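Below you'll find the structure, written out as structure tokens, and then a few comments.
We call the chains A, B, C and D, going by the order they appear; numbering starts again at 1 in every chain.
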Amino acid sequence: MATSVRASGDGDKLTAHPLVDKGAGPVVRCAVWLGHWLTLAGALAGAAVALRVLGGSAPVHVALPKLFPFAEMSLHVDGLSAFFLLVVCVVAVAASVYGPSYLGAHAKAPLVQTLAFMVFVPCMALVCCAGDALTFLLAWEGMTLASYVLVVSDTADAEKTRAGLLYLIMAHAGTAALLAVFLTLTVHAQAFDFPALRDAAGRLDGSTRTVLFMLALLGFGAKAGVVPLHIWLPAAHPAAPSHVSALMSGAMLKVAIYGIFRFGFALLASTTGPLPPSWGWTVLFLGTVSAVFGVLLALQQHDLKRLLAYHSVENIGIILIGAGLAMLLGGRPGTERLATLALAASLLHTLNHAAFKGLLFLGAGSVVSRTFTRNMEEFGGLARRMPWTAWLFLLGSVAISALPPLNGFVSEWMTFQALVLGGARMGGASGLLAGIAASMLALTGGLAAACFAKAFGVTFLGRPRSAHAEHATESPAPMIAGMLLLAGACVALGLVPGYAMRLLDRPTAEVMGGLSASAVVAARGPLVLSAGGGPAGLEATSISVTLAASVFLLIAVAVWFVRSWPRKAPRRLAPTWTCGMTPTSRFDYTATAFAKPLRLIFAAVYRPHRAIAREPGPSPYVPRRLVYSGEVVDLTETVFYARFKHAVTAVSQAIRARSTGRIHGYIAYVLATLVIVLLLFGKG
Amino acid sequence: MSIELATRLINDLGALLLVTMMLILASGQLFRAIFAVAAQAVFLGIAGVILGIVTGNRDLWIIAGITIVVKAVLLPWLLIRVVKRVQIQREIEPAIPISITLILGAAIVVLAFHLSATLGPVRQAITGNALPVGVALTLLGVLVMASRKKALTQMVGLFASENGIFFTAMAISQGMPFIIEIGVILDVVLGALVMGIMILRVRSDVDTDIADLESLKG
Amino acid sequence: MASIEHIGAACAQTGLLVVLGPLVTGFIQKIKARLQCRQGASVWQPYQDLAKLLRKGTVQSDTASPFFQVVPVLVLAATVTAAAMLPVLRSSVGSSALPFGDAILLVALLALARFLLAIGALDAGGAFGGMGASREMTVGLLVEPALMLVVFSVAIVGGTTELGDLATRRHTLAAMAWQAPDLLAFFAMLVLIPAETGRIPVDNPDTHLELTMLHEGMLLEHSGPGLACIALATHTKQIVILSLTVALFCPYGMAQDITPEALGLALAAFVAKLFVFVVFLGVIESSYAKMRFFRVPQFLALGLLCAFLSLALRIL
Amino acid sequence: MTSTLPWVLPLVPVISGLCMLLFRDRRVLAALDMASSGVILALGLVLAGEVAAAGPISALGAMRADEVTVIFLLLIGFLALAVSICTVGWMRQSLARSEMKADRLHYYYALVQGFIATMLVTVLSDNLGILWIAMEGTTITSAVLVGFQGNKHSLEAAWKYIIVTTIGISFGLFGTVLIYGAAAHAQGGVFAGAMNWSSISAISGKLDPGIVRMGFIFVLVGYGTKAGLAPVHMWLPDAHSQAPTPVSALLSGALIKCALFGIIRFHTIARGACGPEFSGNLLLWFGVISVVVATPFIIVQHDLKRLLGYHSVEHVGIVVLGLGFGGPLGTYGALLHTINHGVTKALAFLIAGDAIHRYDSRDMRVIKGFLGVAPWAGTLLFMGAFSLAGTPPFSIFISELLIVRAGLASSHYWAVGIFLVMVVVIFAGLIHHVGQMVLGIAAEPVSREKESRLGLLGLLLLAAVIVLLGVCMPAGFDRLLVRATEIIHG
């Protein structure tokens, strides 16, 4: 893992391209603005449609022109689609408000990126709205290609090319799996539209459906960045322009999650009876692993955007935990309420993660666009230079660390409740798995808090550690506005989650067959969340984040009043205490230092290695300077992917080296082939 | 002439063709191989004449004539000219030992008869043993090409295997349509010319045998 | 009007905890002194410290951001809010309309306090603050899950994480009678208490020797009223943890209805239990040495393990 | 009904080729080249119209134009046009780099015309003998073209090409003879319908399965050699990499498709005689083997044109796979894939030629930052690569989708599995190579000369088709494919 990545390769290499502006002329700038505004309008419209459907109006169905003779194409927005459409649109709105000035700031190919952006967002929306396999696949691949262009078009350095390649390969492998699943269904259904596919799936036997589901999980997991299919994610997301990173993390991963929901709960689910336990087990397990693994690796990143990318892995894990639990509990007598709770938790976390991860990426982008680096060690002291960014980033950090009173805590609370109550209900192995998941989730929360204490502290606090950070200034208003939008969402979702439950009613009702989210979770008013389904008729926990927040606020105000009571004793500034030396930025605790204890505690996972180079000074005891460089590895990458790649290449090399260039060999091959075929097939 | 006699004669000619092919396989000398191919062409012509008499099909006479002129005279002459031009030593350098080549050849013959043994009634459509012999000749010709180093010997093998095809084609009742036969022969001649030119070209440009080039691989 | 009464009770309990907090610290110090054959300071010493700090002026690091002054306030507020959720005298804290007193929220609020404190420590930009923050977060992320697990292992039979309900169900529910899992969880809690209250063997509250300190390191740059807030927060947190343990494992003697004698009884019971823990902490503090920081994880892992085992036993 | 078009069509390139021999001027030759290609395409479209209107057309009793023919005809015509347009710019470059000698240009152009003529005859012939003759004709003409640059490598490639394919072709002849014999026997000795495919396939049900089986094997291996099916593909990368770029484009885009045409014709007969399983399984095997064999060579390839050559092996394999899966769906997909691959591969080769000239190397490790050097070509190359790798919205995705669906429908799960895995691996390899070439920073010295409008026009023609077929399927075209499928299934 590269610890330091220049976000903007000096001197753009793409300027020869006609689509690339020469130094962003007015025309180009207008085009960029226009493109983003168009996207913004589209996103708003999409959000409107989604809200209408979620509000309870009939599902929207649009028949598309028949492009191919073998498939009817259509869009169908039911509750589930609408919810994910909403998620996509929310992030898209913020991104397209934020985008233009960001691209103006330091993009290499604004036009290309704007075009790709204008393809990317609609494709994501289309995937969510697709009513048939073909539309789904086309939009799915369009999404991949557009995001790939966005990843590689930012600069021309080799690392981004590699990142893009890795991303594309993983995505394509996933698509291949999806292709197999979809086509198997279409073959049985003799049609491409989802209802027909669902009927066909219903006619299949259980084992086949399980195989198909696992394939689908593979396909969507590769896109969602589920461990161990996540390796592309931390490479690709940082490489894109920041508002696109926000979209990729906040929206694109959710689209993959949508796929899992669509397949797991709707398409492949049998119309009668519960889902096979193996599905829930797998999803729950993968979710737990992703959550812990993602956050552990995030802790050791010093590239701000890379850190956020790893956190996406973590949050996808949390979402999957909820989903897996819902799969395990759903359709079993007595646990419908719990299943709904779990599902609602997972869906809500989807929305929450879109909000705060989008916010964080936008914040990171605003920092990067001012300091021209993504390396946290070169930041510092930005809180006083770009206050808006700083406070909004802090808000995001609190939210993602699942700390009250913001939205991250709400969904995680629901997940905890579902895990505990569900674990008690299921008992046995499944219950134990739920228990393990609960403990791992708790650990994840702690790790996330530590990680963002580091991220925020090292980036925005202390003294600036580089000239760029020294002279950084606040980002332009549109970027701030984009962040404010998502920040607002974080606060709202945190303080009055009951209203968010209304949004979840329709999807949960569709998936769980009847029981709607707010009937379970917000049964006692929008300000109160209650975990339905306590044992033996006992009422389960209820909680009011609103109340807690207001109490917190009251006390805070009171204390602030007492604290700043006018008193004669003076207030003065003094340099920070550094044992009497004059403090410089070299005294600050760096990200590496901050994460060191954890590096040692979890050494088994990190396999850290360090190198210390010392330049001897005049005296052997006083070296002129010490250079410390350490790095940790992504275990899956080193253990699995590297070896796989090496094996394939080695085999291919061997074959190629052995192949003959002599014509006799060629002729012999022809002859041998003929003889063999004659022997095998020649006789009746 | 009666059908039985014709059939017996065709079978005998087939045997002769096989023998000559074996000779080519075994021959250590280029000229000997070339002459063997010419001889094959002559046998082919005779076979054509016989079939012509039996079936009373005028085309076969003409085809037989053309075959003899082209394959027994023109092509060998061409080959020999090329040999003279490039002045390679006359010994054939086998890519695989001749003994092994012969064993493979025997195996191929067995295979051919074995295969066509399974073909039931249709055997009557093709006179006598023409089919297995044709298969054997075709494959053996290719075997020659695979087992010899020099480009010219590969051409020899090519012609030999084409003789096999012609033999089968004639043995099939009525032979192929006239025009087709002509076209096929034309193609063969053209191909031979092009190959010859290539050989000479390489020999003159880079002084080596074109079949020895093996820089393109992988 | 039930909710008024509820709110009143809640405020009373919270006030009680906040007021008692420093006293607990004082007692612990006193016991330590006695065990070390010293006279020791008066048990009211913490109050006097707080008063003095409130009177003093503020010296603030010139590199710190405006956020720095807010930190102590927010930390204190978070801690006190957490305190407000505990059932101390009456078992049911909130009302059904506005539920208040969820254990997970309590733990999360403590985590929030820790998070803010760590950020504040990084703000001044000295090495001590950074080190303190780093270590505190490290300890925290090991303690929190364990704490959660303890809560879960109780909640999983109680069917709720509402501390008040748990307390009442201890009385009513047969399933919640003491069993082996409770023992394990309680032991885990005993392991966690020193860590969470920043005491030996995990941390050393009364030194500023930078190599040994965790919590104190973060306070280095705070002064005057700010420091007072944080100090009070620390006291409160300590008593919160103790009474959380009480609420989870031995909520006996809590008042069911609001009558003077019932409340008096409840108060007496509470103070008694509290005193037991105080003695326990004092003894531990003066009979152990502080661990090397990198041995702490193993120590806490023990707690984590016990907590998980108790949870597992409950489920299986 | 009969028409003059089927035999007029091949005469066009013959005549223009003869005219070319009279001229020396590059412009005139190029103009003639484009003109004749244009005429061919136009006539092809007219013929298509007639066929669509009045069903199969036969002429001279030996030529035939049905929907299958039309598909290949249009492919050849279209590629001929696009290639002839792109040849202009390419020729200028290679004259400048003295790869071609100005005094031999007219031979080159004439040969290309002859090459095209033979291909046209191949797809237009009804008589299997003529089919064979024309096929051998393509071998001879194209072999000369492959060796046209006259250096050591090109001559080696040409030699390998002509020898190996001639062997293959002679097998093809043998197979033809056998099947003809079977037909003759089925007719009681005397066979009326000469060697016409139409008449043989009409009675294919009565043919003796044993001998047809044998004949089909010979034909498959023979014409398969020409089509570049593994494991008899070895000549292909050599020839495709050494030929002059426009010829490579035609070889890959059109010629191997002509061989496929032959296989398809015999496939129909074999289906009639021995039932669909036999030939189907055979094709299936060859398809899988081709896809698998091509993979390692694609992954660790450094020579750009060889890479594309091996890619042709893979895609021919995919076509054959589609035929092997059988069913209307598979055949439909196979035919569609034939066209898609022809167009895409031509595009790729033409751009590759430009890149090779600019960087003066065909080593993909040398070619970097092509996007910066030649923006449009770079973009199109990227596009072509994605299309070859089978991603939407490009045409190959659709045909591959259909083929996979056919495979699942015929429940050849193992084949589909292997196919999908290999496609992913190949995707990785290809995009890796192309990404390296297109992105990144171009190292000096590179010729950054501006791209010629004309050349871009040719490329855009191809690209347009790729995208068009990727996003929709015109109704008329669909009807054409459906009819062709019916014809193939007899």
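Things worth noting here:
Just so it is clear, a residue touches a chain if its C-beta (ideal position, glycine included) is under 8 Å from a C-beta of that chain, and two chains touch if they have at least 3 such contacts.
All values reported here derive from a predicted model rather than from experimental measurement.
Of all the chains, the one whose CA centre sits at the greatest distance from that of chain D is C. Computed from the mean C-alpha positions, the centre of chain B lies at a distance of 100 Å from the centre of chain C.
Averaged C-alpha coordinates put the centre of chain A at 44 Å from the centre of chain D. Separating the CA-averaged centres of chain B and chain D is a span of 30 Å.
Here the CA centre of chain A is 69 Å from the CA centre of chain B. Chain contacts: chain C has no residue touching two or more partner chains.
Within chain B, the positions touching two or more other chains are listed as 115, 118, 142, 145, 154, 211, 214-216, 218. Touching of two or more other chains is recorded for residues 656, 659-660, 663, 667, 670, 674, 678, 682, 684 of chain A.
Pairwise, the chains that make contact are A-B, A-C, A-D, B-D.
By the touch rule above, chain B contacts chain A in their complex via residues 95, 108, 111, 115, 118, 139, 142-143, 145-149, 154, 211, 214-218.
Partner chain C is touched in their complex by these residues of chain A: 380-381, 383-384, 390, 394, 398, 401-404, 409, 413, 416-417, 420-421, 423-424, 427-428, 431-432, 434-435, 438-439, 442-443, 445-447, 449-450, 452-454, 456-458, 460-463, 524-525, 527-528, 530-531, 534-536, 538-545, 547-548, 551-553, 555-556, 559-560, 562-565, 567, 569-578, 583, 585, 587-589, 593-598, 600-601. The touching residues of chain D, when paired with chain B in their complex, are 127, 129-130, 132-133, 136-137, 139-140, 143-144, 147, 150, 152-153, 155-160, 162-163, 166-167, 170-171, 173-174, 177-178, 180-182, 184-185, 189-191, 194-195, 208, 210-211, 214, 237-238, 241-242, 297, 301, 306.
Remark: chain C residues 54-67, 70, 72-74, 76-78, 80-81, 84, 94, 96-100, 102, 104-105, 108-109, 111-112, 114-115, 118-119, 121-131, 133-135, 137-138, 140-145, 148-149, 152, 155-157, 159-162, 165, 169, 220-221, 224-226, 228-229, 293-294, 297, 304, 307-308, 311-312, 314-316 touch chain A in the complex. Interface residues of chain A facing chain B in the complex, by the touch rule stated above, are 656-657, 659-664, 667-668, 670-671, 674-675, 678-679, 682-684.
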